[in-house]
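Next come two complexes, and both contain chain A; in the first it sits with chain B, in the second with chain C.
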Partner chain A sequence: MSSRRGRITDEEINELISKLQALLPESSRRRTASRSSASKLLKETCGYIKSLHQEVDDLSDRLSELMSTLDDASPQAEIIRSLLR
Partner chain B sequence: MDAKGAPLPTQPSPNPSRLASGSASAADAPKPMLAFHFLRALSRVHAGPARRRTRTISRAAYSSMARAAGPRRAWSRALLRQAQARRSATLASRRTAVLVRRRVAAGPAPPLALPRLTGRSSGSSGETSAARAALLPPPSPAPRQAGEPARSDALRRLVPGGAGMEYCSLLEETADYVRCLRAQVQLMQGLADLFSCQ
Partner chain C sequence: MQGPSTKSFRQAFLENLLVSLQLQQEHTSKHDSSSVGAAMSLHERKLAVKSSADVAMAAARGAGARWTRAILAPASSACKVQRCRRIVIRCRGRKRSLTTRSARAGDGGTSSGGEIARRLVRRRTMALREVIPGGRDAAVDEATLLREAMDYVVHLRAQVDVLRQVSEAVQRSGSSILQ
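Up next, the complex of A and B:
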């Protein structure tokens, strides 16, 4: 994507930063101005990554709970168990 | 480059394709591959012990995410290295525990058996220390480049493998990592919804 010709130009960095901005969720994109500083954008990105990590943990928790309910003898549990086999 | 080139032995259900059509994202970690790796890991978790499943599932999420992305990304390589180190550390400690038990149970062990055992245990303890070293955070991060904002330190800590990267690569890796993380979260949400509608 970026060509490493010795020194990285500011344009390339700004391009990468705007790509990052495009990845952030809509709500934070509206809050930050279109020409926000790189530092602010990095802060948003850090917050977003942290929230994603937190979501992974919460979903892992939920999945592990659901998995323990699979040990019941309900027909739905049997279907899901066959899915996991 | 072609992650879909790997053969999928069993496509578990039409759900992965439904999840894939749900959101338009870059084809870094194609959704079917993500689903395949994660579901395979989940079936292993389900077959395994019921304790500490949350942590196992969380680790499986990151490993399968890294596997689906492949080794062409620094963050996925870093995650795969961490998983490998964790596996060899567990294996080495388990092996050492087994050897200790065997030695105790055997009593006066024949001299031929011992050198082999000690040879293996010293090898595994070498593995353990190397594995533990890989698990530890890198000792000294690369100095920040000119013009790099202070916030990048926090980002380096969040993105796996981010400590030694150049600023430019860090931004690229972060973008890819965020995309794959989001896909993983969507996959897990879909699975949780699927499993909970009983």
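Up next, the complex of A and C:
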């Protein structure tokens, strides 16, 4: 990814912002106006990333608890691999 | 940019994750016989799982994004230190930021209105830098930050999905084996 410190046009920023808006979940998309401000979108994105981080945190909790109940993970890992293929 | 919803990314991520989880489990079982209590506390285990997931995600994404390098570079030692640093900076940031909901910039705003909007955007951009790995680097301009954010978000989503799949599979396999 080139990090050219040149003149970044407003159009480029706006294009990125609209692309970013397309990534956010439906619920937040409805809340924000079609011509939503950049700052609102940045806030939504921040909040979304934090919520995803929280999900990863919760799932890591759950997974580590599950792993501690298993004696030897090697056969389990094979089973998991075959289940998910 | 490699599509994160493609099977290849998810497979690579899963492979990486399973390898590190397996290593983690082997390490634990090796110590069980010698130590009195559990070698790794549940909290330590959780942190290991979490960093494994991040490293697995970054490695599966490959080069071409800044956030992957930011995760992989200090992955070995500085994990806990980074987390503490992040918490401190977040607290500092919260103290500094004022509620600016009243200062919404109008469409044909005056110059002061525009300045408030710019200040708000700057503050939000700073906040975004905090949550994206490598975002705090001053060399990352706004356009790059937005591109990084998009890339990071889609891969985070895939990480959540795969972690959920793995948890459910382990739960199923665990219950069937224990019976």
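Note that in this section the second predicted complex is superposed on the first by the 66 of 85 C-alpha atoms of A that agree within 3 Å, B and C clash if a C-alpha of one lies under 4 Å from a C-alpha of the other, contacts with A are read in each partner's own complex, and residues count from 1 in each chain.
The rule is simple: contacts are C-beta pairs under 8 Å (C-beta built on N, C-alpha and C of every residue); 3 or more make two chains touch, one makes a residue touch a chain.
These numbers come from a predicted model, not from an experiment.
Chemist: In the superposed arrangement, does A:S39 touch chain B (first), chain C (second), both or neither?
Modeler: After superposing on A, A:S39 lies in contact with both chain B and chain C.
Chemist: Let me test your reading of the model: by the given contact rule, A:L63 touches which partner, first (chain B), second (chain C), both or neither?
Modeler: In the superposed model, A:L63 contacts both chain B and chain C.
Chemist: Mind working out whether A:L52 is in touch with chain B, chain C, both or neither, as first, second, both or neither?
Modeler: Both partners.
Chemist: Examine A:D10 and indicate which partner it touches, taking first as chain B and second as chain C; both and neither are also allowed.
Modeler: In the superposition, A:D10 contacts chain B only.
Chemist: Please identify the positions on chain A that touch both chain B and chain C, taking each partner from its own complex.
Modeler: 1, 8, 12-13, 16-17, 19-20, 23, 37-39, 42-43, 45-46, 48-50, 52-53, 55-57, 59-64, 66-70, 74, 76-77, 80-81, 83-84
Chemist: Quick one: which bits of chain B touch chain A in the complex? Just the residue numbers, please.
Modeler: Touching chain A from chain B are residues 12-13, 39, 42-43, 45-46, 50, 53-58, 61-62, 147, 149-152, 154-155, 158-159, 166-168, 171-172, 174-175, 177-179, 181-182, 184-185, 188-189, 191-192, 194-196, 198.
Chemist: For the complex, give me every residue of chain A touching chain C.
Modeler: Residues 1, 3, 5, 8, 12-13, 16-17, 19-20, 23, 37-39, 42-43, 45-46, 48-50, 52-53, 55-57, 59-74, 76-77, 79-81, 83-84.
Chemist: Under the definition above, what is the set of chain C residues touching chain A in their complex?
Modeler: Residue list for chain C touching chain A: 14, 18, 21-22, 24-26, 29, 38, 42, 45-50, 53-54, 64-66, 104-105, 117, 120-121, 123-125, 127-128, 131-132, 139-144, 146-150, 152-154, 156-157, 159-160, 163-167, 169-174, 177.
Chemist: Flag every residue of chain A that touches chain B in the complex, lowest number first.
Modeler: So the residues of chain A in touch with chain B come to 1-2, 4, 8, 10, 12-13, 16-17, 19-20, 23, 37-39, 42-43, 45-46, 48-50, 52-53, 55-57, 59-64, 66-70, 74, 76-77, 80-81, 83-85.
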